[in-house]
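What follows is chain A paired twice: with chain B in the first complex and chain C in the second.
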Partner chain A sequence: MNYESKEKEGVVIITPKGKMMAGPDLEKLHDKIKELVRIGARRMVIDLGEVELMDSRGLGILVAGLTSLRNVGGELKLARITNKIESLLVITHLSKVFKTYGSVDEALKSFQTGS
Partner chain B sequence: MARRLSKIPHGVAFPSDQKFLAAVDRYVEQELKKAGFGKDVIADVAISVSEFVNNAILHGNRQDESKLVRLELYHAPGQVTICVEDEGEGFEPDKVASPLEGENLLKEVGRGIFIAKMLVDSVEFSRGEKGGTRVKLFKKLPV
Partner chain C sequence: MSWSALGTGIYLACSFFLFLLGMVILRENFRSRVNRTTALMLFFGGLGALFAAVGTTLARTGGLAPGSETESWYNLFYLWELFFPALLLFALVFPKETDAVRRFRLLRYAIFLPHLFHVFWVSFLSSPEKLSGWFSVEEMGPLARVLLSPFSYVLRVAALFFAVAYKFHVRFFSLVNFSYAAMAIALLFFRQASLPNPRIKSQVRLILSGLGLAMTLYTIAFILPALFGFSLSDPWLYALTIGALVIGCGAVGWAILRYQFMDVRVIFRQNLVYFLSTGLLVAVYILAAAQLGRYIRNTLGAKTPALEIGFILLALVFFQPVMEKLDDLIKRLFIRQRSDFRNLLERFSRELVSIFDLNQISARVTELLEKELFIERAVLLLAESDAGGTLVTFSSGNEVLAQSVSGEDPLLKILLSRKQPTYLEAVWPERPDEGLARLLAGVGAKVAVPILDEGRFVGILALGEKFSGFRYSPEDITLLGVLANQLSIATANARLYAETLEKQRLEEELAMARQIQQNLLPARLPSSAEYEFASYVRPSRQVGGDFYDFLWRENQLGFVLADASGKGMPAALLVSFLQATMKAEHRYARPIGEFISSINELLVAHTSPEKFVTLFYALFDPREKKLFYSNAGHNYPILVRQDGHLEFLKKGGTVVGCFEWARYESDCMPLLPGDTLIVYSDGLTDASNHDEMFGEERLIKLAAECCHLDAEGVKNRIVEAVEAFTGPVPPFDDMTLLVMKAR
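Right, the complex of A and B next:
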């Protein structure tokens, strides 16, 4: 897998592509998220629309990102989750932990309106 | 990057390094495709196998590259059995905590076996000849 990241309206948007599965490439994404938080990012959207598969490590990285951001008063939101990832969130009870949005724009808007 | 997996009867063996995970995933997908499995079933089995292979590398063999992970794959029409074996000290799967309870819900780790079990029809743990963990997973095609 690889990923792209950009900033819009004060929100970091990360778009991972391919398989969010354990391995050296996924750890690079983990390092990137940690680094962004360290240098001051507080609002983050992970756009999962191009993620084909996810395993426990992929989920672990999302949870780690969420908790590290909440610890500093920030928030991590998910956008464009596929059916496969949705069911993964449901079986792991993480669907009640993450805020999810149908599009990146909706996630961005929610940061403005606080919903 | 292509990583070499060694052929063994009915499968492959490789040193305990996460850089082999991608090659193992490709191997499993190829074999299941040849066996005529559909995309969704392949995805479920591939994730499940990857969870056990990753556990074998990290927890079983503790990334000691002199220790091997072995993967065997057997398929019959409409069903597949895959075994993953490490050279570690084994563990007690019944004592693994539920990832859904209390503070475990927000932990970074601890969901692998739980997820893997949800994606296939059965998972059995046993001990290999030298005391390591042997996991046998079974999946049949949905009818």
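Right, the complex of A and C next:
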């Protein structure tokens, strides 16, 4: 797994690619998110469109990111979730916790409109 | 050829040998007291031999008539007896200074007094008549007579004493010499017993036996005849004297040079060349100076004192650098022969490759160095972390001298940049009471050898002063450099070995942890007339993040299947915590939703947010045939009705351990005889055969097919199907399956 991260309109967009599963690469992503929050990022979109698989650890990273951002008054939103991830979110009832959007642009727009 | 001519020749040879030996030892390190003392002793020994040669020549030519002019010169012969106090001093400072010498500095001069007095005595008071004149009041001037007349009695006694002393001075000093030699031998004998270093011990023993033998011969040749008034025939006398000289001084010289771990032949050849070339240089200089002086005198026509001073200054300016260059050149010429050196290196490498324990390497190396290079203390300091970091920790041998040294330590930086054995006095930092400098000073280090492994800082070999006080020879420094390379390899090996051991130990611990986890699983599955269970557990890595357990509440049977996020040890620890919490919380007969909420709160409070657990909890009432359950983010368990109809148990809430605010719902289902409940962790449906996962569809289809089987039968069908699907691919995630059949 690897990831790209960029900033657009004051929102950090992270795009993980491949398998979001337990391993050193996933921990790097975890560290990256923690570091971004530490240096002041408050709005974040995780674009999951290019994630093939996700396991419980991958889900844990998303939850941790959400928690840490909400603790500082920020928000983490998910974009382009695949069917598999959607069913994972539904089973774990996390679909009610995360705000999910069909595209990154929609997610960005939602930050501006405050919805 | 007469005996005496042969004797003269041998005396001269002995004398030359002893002077040469003395010069070699003096030149080896002029600043060392041991060296100076030894050289002094050898010079006096050589003087003795030289005087013996002169004496025999004079006796042969008949120039030694009593009262003749030569007699007073001949009395200078007694100068050589200073050999005995020098010998005693040697015994006091070799191989190390005794406390007595260190505490009473005057002692080392005081022991020369009797002999100095003797020399003075025989040189200036050549006859007893002269003596009695000195002490006779009658022969003094008028003033002295008046002043000293009350003491005339004392003076007369003194005159008598001196007269007697003069008559017997040879005998008396024979005794003194004998007692000095005996004291020296006794001192060496008693001190060698307490020497820690076996090789130095054997060197001192060599000196001891040499000196003992020499003193015996000397006693027979001179002291006994002097005491008892007989004389030996010349051949015997020569044989005994020469034997004593050669054996005694030879033993001392040999022991001293061997003691240095250098090839004696090399030193001798080197020094011989040095002296000969020096002699040549001096001769050339004198000739040139004389010629030049004559030329200047001829042209200027006057003898100028400034000229002499000019020559001396010229010599001082000219000789010092030339002699140094000469010394260097000779050393370089002779340094190639070093068999000892090679043997030592070979031994080092042979021993080091077979040791895999850092402490043992450290102990062995320091022992070898202390023994072979005669170093008072050698310590191997090992760096625990990389110098690139800020902290470097040292530990040494059995005692741990652990101390943090900053990567910015000035001394450390110098040593790392020099990469070779370094005399610390040359690079000592301004503040030697800090960091590495303090540590090195603490172990008495004089030389530090940095040990590097491909540029990585491995440690420092800290070496104290040489036991002899000699400086480290160029060979020593080369040897230490090569040794540092070998040590870096040996320590790397040892570290790898230790890592392997550590890995093994970790694996053993993991196996133990797995055993503990296995023991936490219910030993027996509950069964009754109303229900039965079957279970399957397969952790992906030794210990797993899945577990199931049964918790009773009066006559109701509670059971849980949970899956902690992640794998391995962290997941297993989380699961253990959960299991204990559930057992404790289960005692309070609260509604299921509240029960899960309390578990959630405890987990949120005690774990980081990315750690969570999905769990399915159910409480079965056998009498009512009802199943109460709550599903906290877990894969939906499949309820297979007797007729093959499937239901999924979804009611509940989100995962446990993430959100403090999470609330959990519960549901109640009738569970009738023949119904089957299949609870599993996602490891089962995620099991893959490289291309695809086993998946829920396959499991659901399978579940529908086996509604008629008993619990064990259902479990086996599913496990067989999964194993057939994945083939030899090892499980990526923990796999747990719990099947309940109502009856």
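We take it that the second predicted complex is superposed on the first by the 115 of 115 C-alpha atoms of A that agree within 3 Å, B and C clash if a C-alpha of one lies under 4 Å from a C-alpha of the other, contacts with A are read in each partner's own complex, and residues count from 1 in each chain.
In the analysis below, a residue touches a chain if its C-beta (ideal position, glycine included) is under 8 Å from a C-beta of that chain, and two chains touch if they have at least 3 such contacts.
These figures come from a predicted structure and were not determined experimentally.
Chemist: Which of the two partners, first being chain B and second being chain C, lies in contact with A:Thr67: first, second, both, or neither?
Modeler: After superposing on A, A:Thr67 lies in contact with both chain B and chain C.
Chemist: Is A:Ser56 touching the first partner chain B, the second partner chain C, both, or neither of them?
Modeler: A:Ser56 contacts both chain B and chain C.
Chemist: Report for A:Pro24: first if it touches chain B alone, second if chain C alone, otherwise both or neither.
Modeler: first
Chemist: Mind working out whether A:Thr92 is in touch with chain B, chain C, both or neither, as first, second, both or neither?
Modeler: both
Chemist: Does chain A have more residues touched by chain B or by chain C?
Modeler: Ranking chain B and chain C by residues of chain A touched puts B first.
Chemist: Which parts of chain A are touched by chain B and by chain C alike?
Modeler: Overlap of chain B and chain C footprints on chain A: residues 22, 55-57, 59-61, 63-64, 67, 91-94, 97.
Chemist: So in the complex, which bits of chain A are touching chain C?
Modeler: For this pair, the touching residues of chain A are 22, 30, 55-57, 59-61, 63-64, 67-68, 91-94, 96-97.
Chemist: Chain B touches which residues of chain A in the complex?
Modeler: Those residues of chain A that touch chain B are 19, 21-24, 52-57, 59-61, 63-64, 66-67, 84, 88, 91-94, 97.
Chemist: Can you tell me which positions in chain B touch chain A when the two form their complex?
Modeler: Going by the criterion above, the answer is residues 18-19, 21-22, 25, 43, 46-47, 50-51, 54, 99-100, 105-109, 111-112, 114-115, 118.
Chemist: Considering only the defined contacts, which chain C positions touch chain A in the complex?
Modeler: For chain C paired with chain A, touching residues are 545, 563-567, 608-612, 614, 633-636, 652-655, 658-659, 682, 686, 733.
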